[in-house]
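There are two complexes below, and they share chain A, which is joined by chain B in the first and by chain C in the second.
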Partner chain A sequence: MNKTAKLGIISAAAVLFLILPHLFTMDYYLHIFVMSEIYAVLAMSLALIVGFSGQVSMGHAAFYGVGAYVSAILSTRLGMSFWVNFWISGLAAGLISYLTGRLVLRLRGHVLAITTAFFCVLVNVIMVNWIPVTNGPMGIVGIPRPTPINLFGLKIAFETRMHYYYLGLLFVVASAWFLYRITTSRLGDNLIGVRENEELAKSLGIDTMKNKVFAFTVGGAFAGLAGSFYAHYILFISPVTFTIGESINVLVMVIFGGMSTLLGPVFGAILLSILPEFLRMAGALRLIIYGVSLICFIIWLPQGVWGSLKNWWINKKNSDSAAG
Partner chain B sequence: MMLTVFLQQTLNGIILGCIYALIALGLSLIFGILETANFAHGEFYMIGAFIGFFSTSLLGLPFFISILVAMAGMGLLGAVIERVVFRPIVGKPLINSMLLSFGLSTALANLALFLFKPDPRKIESGLSEFHFDVCGIFMTAERLSILVLCVVLVCLLSWFIQYTKTGKSMRAIAQDRTAAELAGINVRRIYSVTFAISGALAAAAGTMVGAMFYVQPDMGLAVTLKSFIIITLGGIGQIKGVIFAAILIGLVESLGGGFISYAYKDAYPFILMLLLFILKPEGLAGGGK
Partner chain C sequence: MFLKVQDLCAGYGRIQALHNVSIEAEKGSIVTLIGSNGAGKSTFMMCLSGVLRPTSGTIEFDGRFIHGLHPEKIVAAGLSQCPEGRRVWPKMTVKENLEMGGISVKDPGVVSERLDMAFSNFPILAERRNQLAGSLSGGEQQMLAIARALMSGPKLLLLDEPSLGLAPIIVEKVVEIIKKIRDGGTTVILVEQNAFMALSIADYAYVLETGHVVLSGKGSDLLKDDSVRKSYLGV
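Entry: the complex of A and B
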């Protein structure tokens, strides 16, 4: 693919995403789009941890939840605005992520996965039981919408999902840009070095622990930002959203798309936010079908949809050039 | 008074720990031999409990026969699941087996929910009326027999792994799969046997818990996570370590639930694990390596 083709694809995608809410104007569709945006950020941030630095974390929903709760508590108790809470949530989730990372990242493989999974359980238990602060299983209601902003005379009040869609789009693009800059920098190379061979990376003088903690912190912070966005969009949060099941859901999105790219997880997030909607009519059978599809997917497409497509493309190109 | 409560909770913790040991040993076997993280292990335990429940309630079989029926049923199902679901991904990265088994866990738990509905059911062992007090410590015949049965099963397993030909093959594969294959061990057969044993142990534990507490479709996930903590603390493939860690977790849960706060019961094993990481970062047997 040459540069013009690439530019063409990018601008086509940009136009598509900009006009998308005008093509599907039903509230139901817009809701799915906004949720895909939130999941896209979650999946990208988890991809930095799992795909790039190779540390399997099953605790991502915990940081997502911390972000959502910090934002919800600040806005309902202190009446603070989304525009401030958003950044505080990211910082809080990043801080907790940093402290957790410092503790657990010396573990590897399944031990790390289990420890992070249990961290998620711990955070959930706290959300359910620390009633004076989190209001327990009842959750927090009445989270205000973002305060209206004035954009060059255009007043945006965030009363329709359309407004959230565009804010979300900005959020996804900004996160993608930030994470892309990290992964293409020297730091990104270091992270890949840690993933491929930690001992070797260490012997080359890379402080692997520092790099892993960095990826974990940044990933957690972005999850916190996504949590804040979620809280001010749904306007109600409760502990059931931030369970280990949600962590795994995001992990599946990352794997589904193909984990060592940033575009793959976004692709996975969009597909896995839309596809399960078709299963709604299956009712009680929905999660059974989900589980079975997950099994089939791991057995037949272990590299993710994106990775498998890429391989297929490369093989095709090779056989074409061999034939020609 | 305090002392009686303490002793009572200790006893409860030990019984709980023995049941955890049965579950965690099965998980540890699968992990050691197939290098596969089985997140559906708690569902094996749940299905075993349901088989036990139906064989007492529908077939009217006595409690101990029901445990055997559950073990046989789940053992068979375990071998089938290994063949159909897990075999295609043996040797693939850990994250694949984790997600695969999580899919299996979701499918099985929701299938059970769909078929059996969420209401808790209790297995009637017919032994809970007989009880005795020793210095104020309460013990039912049911719990005592469960304790004994756990010990018997763990001893049987240790003997099996230590002395039978199949057990030796299992240990050989855990040490070096290629070398074991070269030595003519039928690796695939051992994989099936491992899943069968692991399923049977989980089913026995499930039936026992079903008699002491309840049988529910969603009873699996918490147990899966706890078992993973146990094998992490005890060390993969270390039978003694796993038993020790299981009893430790049982005690921590029981005493913590009794003396600190019941609401945070599920958080204690994790806090214990964190504490150990902080205090003894390199000292856990097999942990982190």
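Entry: the complex of A and C
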């Protein structure tokens, strides 16, 4: 693809996402869009761990939950604002994910997957049982919206979903940019090197553990940021949101979209946030259709929708240039 | 002694692959380990580079004990391994592969210096620097793997079967490169199934059988040794 075509596609996408909430103004749609944004960040950050560093984690919802609870507790107990809580949530989730990573990343394959799944369960058990802090199964209510901001004289009070949509869009773009910078840096090369051939990477003096822990920490921190955004958007959180089911949900988005890219997971997050809503029309058959279509996708497009498109494009370009 | 390995034992779970292996290498020499498939040659190399932890024994390198250190510490100490099987990252470019070899070098100026050096020593790699490593021929991939191992500026280079699967004419090229590396002051440990090639260029050689050193001597002497000729040279 040449530069102008690329620029064209990017600007078209930018325009589309900027006017989208004005095309679909119903609250119901806007809610799906905002949730897609949250899932987009969750999926991208999990892709860094699963796709780029090659470590299958089923614990992502735990870090998402830590972020949400830190924000909820800080705002309801100490009256702190979203604008501060957001960063603290990211740091807290990052710290916990660093410590967890140090502990579990010496495991590999399905043992790692199962251990991270247990970790997710453990965090959930803490949310349910540490009642003085988390308020247990009742959850935390009355989380305040972000305090209003003044944008060039325009007051944004986050009283409509539209406002959240644009804040979320900024969140997604900034996260994508940051993660993109990581994956294209030398660090990103190291991650891929470790994923593709760990023994070789080790023999060249790459600290494979450090690389894996790094990806796990950054991924966890972004999940924490997403959790904070979620808490200050839904305004109520409880342990049922942060279960292993949610981890799997995000993992499916990553696999579905294509895990060794960043755009793939975003694509997967958007599609899999919208698709189930469409299938609502099918009533009871909804989950069956959803499940079967996922299985079909994974069988026939193992590199994910985005990964397959990308490969198709590259092959086409190669055969074109070979023919021409 | 520059490298002194004493009574090294190592294995995989319950399988013991090395039994009290002791070898020595003088600075600036080529020392080779020959032996048939499964003798434990690669296991030995993995222990030296720290990828595999020996169960007992000592490895003294350049005045320091390095057994039990993490691989990145060992690379930093000046030991670099070129593993068996032409291992490159096929989906990375030649240049990216080389840069991975310089990971332990903190100074980016030194990395780019070494990159230039690699390209001038291996012109074929310079030509293909932006090509994916997977698209190189077998011989070119082997050159890349060797060049990559040199990126860390090692004092001791471990080469595990560099001639494996290469056409004789390419093997000759590899031999030239190994000699050149030694002449540059880098000590080389060469592991080979191609015993003739290895013994021809080695200053000293060890024969490994099922994890035991059964014979050692000057390369030129082993070339004349009857049992070696029978078992490894097929004459």
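Points to keep in mind about this one:
We take it that the second predicted complex is superposed on the first by the 305 of 324 C-alpha atoms of A that agree within 3 Å, B and C clash if a C-alpha of one lies under 4 Å from a C-alpha of the other, contacts with A are read in each partner's own complex, and residues count from 1 in each chain.
Throughout what follows, a residue touches a chain if its C-beta (ideal position, glycine included) is under 8 Å from a C-beta of that chain, and two chains touch if they have at least 3 such contacts.
What you see is a predicted model; the values in this text were computed from it and never measured.
Within the superposed three-chain arrangement, the count of touched residues of chain A is higher for B, of the candidates chain B and chain C.
Judged by the touch definition given at the top, the superposed model places A:Leu285 against chain B, while chain C stays out of reach. Of the two partner chains placed by the overlay, only chain B lies in contact with A:Val104; chain C stays clear of it.
Shared-chain residue A:Pro137: touches no atom of chain B or chain C. By the document's definition of touching, of the two partners only chain B reaches A:Val56; chain C does not.
With both structures placed on the common chain, the touch criterion links A:Ile114 to chain B but leaves chain C unconnected. Of the two partner chains, neither chain B nor chain C is touched by A:Gly8. In the superposition on chain A, A:Ile298 contacts chain B only, with no contact to chain C.
Touching chain A in their complex are the following residues of chain B: 31, 37, 85, 88-89, 92, 94-96, 98-100, 102-111, 113-114, 221, 225, 228-229, 232, 261, 263-264, 266-267, 269-271, 273-274, 277-278, 281, 287-289. Those residues of chain A that touch chain B in the shared complex are 50, 56, 58, 103-104, 106-111, 113-115, 117-119, 121-122, 125-126, 128-129, 244-245, 248, 251-252, 255, 284-288, 290-295, 297-299, 302. Interface of chain C with chain A (complex): residues 46, 49-51, 70-72, 74-76, 80-81, 83, 87, 89, 91-92, 96, 99-101, 103-104, 148-149, 152.
Partner chain C is touched in their complex by these residues of chain A: 186, 189-190, 192-193, 196-197, 199-207.
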